Amino acid sequence: MSTVKLAIPFYSTYGTNQTMAEIAAEAARAAGAEVRLLRIAETAPEAVVNSQDGWKAQVARAAAHPVATPADMEWANAYLFSAPTRFGGAPSQLRAFIDTLGGQWFTGALANKAVSAMTSAQNVHGGQEATILGLYTTFLHWGSVIVAPGFTDPAVFAAGGNPYGYSHTQGAAFDDAAKAAIGHQATRLVTMAAKLAA
Amino acid sequence: MSTVKLAIPFYSTYGTNQTMAEIAAEAARAAGAEVRLLRIAETAPEAVVNSQDGWKAQVARAAAHPVATPADMEWANAYLFSAPTRFGGAPSQLRAFIDTLGGQWFTGALANKAVSAMTSAQNVHGGQEATILGLYTTFLHWGSVIVAPGFTDPAVFAAGGNPYGYSHTQGAAFDDAAKAAIGHQATRLVTMAAKLAA
Amino acid sequence: MSTVKLAIPFYSTYGTNQTMAEIAAEAARAAGAEVRLLRIAETAPEAVVNSQDGWKAQVARAAAHPVATPADMEWANAYLFSAPTRFGGAPSQLRAFIDTLGGQWFTGALANKAVSAMTSAQNVHGGQEATILGLYTTFLHWGSVIVAPGFTDPAVFAAGGNPYGYSHTQGAAFDDAAKAAIGHQATRLVTMAAKLAA
Amino acid sequence: MSTVKLAIPFYSTYGTNQTMAEIAAEAARAAGAEVRLLRIAETAPEAVVNSQDGWKAQVARAAAHPVATPADMEWANAYLFSAPTRFGGAPSQLRAFIDTLGGQWFTGALANKAVSAMTSAQNVHGGQEATILGLYTTFLHWGSVIVAPGFTDPAVFAAGGNPYGYSHTQGAAFDDAAKAAIGHQATRLVTMAAKLAA
């Protein structure tokens, strides 16, 4: 009997963050959570998306998952966000979704939930820390309880050592070290969320 | 003979940041800069905008200024951004514009320019610092040279003392203290940009 | 029977943050926590401290509370830090204490604890947000669970609206609004810590 | 005839940041700057330092360079800081030096100078971005003009791609890629500082 209802909203342009979200979803379910894996709606013009084969293909792949809605954010008692960096910040697609949550925020429907985030970038130091920390700043406005991995498991070190959240370098393989780090972050979030929801 | 070409891209939902941008534009022109006052394109659905009278009215008011484009960002050798906070980050409308600048970034067309930012929020401490610092993080990716006001003039103290950039509390009057602080930030940016462009 | 053992380490140069810590301690005890109110050791040279009457007097006043030690950090299962801003960061005295915690961090003795922070500055926007967010970044390295007030109570708005943690403008009175905001932050931290410790 | 007077204050526990500072100093001198390479005074108790052979040896090695003073900060018209990360923030030794600069700040003696920073950590993502961005936040209080490398040279990508400032992973060799990235950051800083000082 699960008390944790975890929303995993992801935005992915070429697939990296969708894969991260799927790995996290599997680990969270194994830890007993009820999971909604949710794609952030694309807001770029269709012509722009279609002009890049990789982006177009990803839009089709992401369509397997439902679009994240404010109602999902009310339903969940824990959130795990996954999105690439854009110049050290979250993509506008994710910020656009966040901007629609003013009503939920105002009524307190986002408060007191355990939250974590993951990201990716082209370079090893391409804004991964800044992107995750910027999202946490936003979540503090919601009254979220921030549950980052820290260095609470050797898997964090093994995957590059980002204590704020798992960071993937685009193009790198999702090897066992990557999966273990993502799994640890998701499992820890579920553990903490279960305590907070008790 | 001005060497400073200043783009002032603003996003404004109810008018506060447009007023800030206009005050800054006037000060920058007085300091000798050639100025383009540019509205960030609205990306919210028209039905959402029209459902709020204040927002709808602001869209009409902002239409007096041209929409910011990547070409404006290439033209300018200095930028002054003005946008409200959204949960401690910039609005998705501004992030959407920023996300379109990948091509300019890649060719170096955004590099080595003097940049500053202003913001507003409903509360005195409602994310103003975080919003400006988050934008500066993004501008560092571009190779921008960050020119914040610091405490380089008594006008900064008199207007509340935000060293990162002018912050307006929504609904407060644009009194002489506010105008002086905005004017100082804009004038200082022009001064530094002129040196960098020399 | 309390499960929450709360350490409140404070650094105070002229008394503001000691008062904040004392108000928080009272609220936390009322919420059922066992509290250790702890002063951060002064690291400035004695001659410098003694050259300023206000600083010297505060050192004497702070002596009523024991010095924070790494053992206190192991004992507690929740932390509430209070310290003024120094150019948008925490004072070196507090950073010096934090720098001694490498051993506790390495063995995991700091992990999984609920943590929050408060600050003060001379100006309304003088780095309060940045100081608290910078401390939270550090706590994420420890595997802390960040419990900021957000906007989870009207007391936050009434006291200026800093969702990251209570911020005092130096010299302002500790009126009912200030006490309510500090009390809410402390009580919420105890509530969450009790859940995490259960 | 150099117009750039560059202070390079470094703090180094085991030698990494001293080496980085020395590489930067050489590049800055080659670019025409007058350079003061300055060690940040050790503030840890002598017994603690002496209990670790590596730390003790570094204190001896650093003694070749003069201690940074507030007078050096007045003398210089550009600063390049180098210090390791401590839980995502600068070491308390550096913060202690920064805390002594209140007088210089108050009189404006720190304002309008070009500033940049470098760091190191044990892990690839161990707080490097956060440490540099936290320092830049502090420098904004001074009225500094922030000159980070961005992605203004292929050397940044080749060395791991940190646009905020060069980041070294402790223990890695200072190979040509590292030297080129440090050299680019220092040279760019000197170039911008020369323009600002003209």
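Order of writing sets the chain letters: A, B, C and D. Residues in each chain are counted from 1.
Heads up, the rule we're going with is that a contact is a pair of C-beta atoms (placed from the backbone, for glycine too) under 8 Å apart; a residue touches a chain by one contact, two chains touch by 3 or more.
Keep in mind that this is a model prediction, so the values were computed, not measured.
J.: Using only Cα atoms to place each chain's centre, name the chain farthest from chain D.
T.: Farthest by centroid: A.
J.: Roughly how many whole angstrom separate the Cα centroids of chain B and chain C?
T.: 34
J.: Indicate the whole-number Å distance between the mean C-alpha point of chain A and the mean C-alpha point of chain B.
T.: Distance between chain centres, rounded to whole Å: 29 Å.
J.: What are the residue numbers in chain C that touch two or more other chains?
T.: In chain C, the residues touching two or more other chains are 88, 105, 127, 130, 133, 137, 140-142, 163-164.
J.: Considering only which chains touch which, how would you classify the arrangement: line, ring, star, complete or other?
T.: Its topology is that of a complete graph.
J.: Give the list of chain A residues in touch with chain C in this complex.
T.: On the chain A side, the touching residues are 105, 108, 111-112, 114, 133, 136-137, 140-152, 163-164, 192, 195-196, 198.
J.: Spell out the residues on chain A that touch chain D in their complex, using ranges where they run on.
T.: Within the complex, chain A contacts chain D at residues 88, 121-130, 133, 157, 160-164, 167.
J.: Can you list the residues on chain C that touch chain D in the complex?
T.: Per the touch definition, chain C meets chain D at residues 43-44, 86-92, 95-96, 98-99, 105, 127, 130, 134, 137-138, 140-142.
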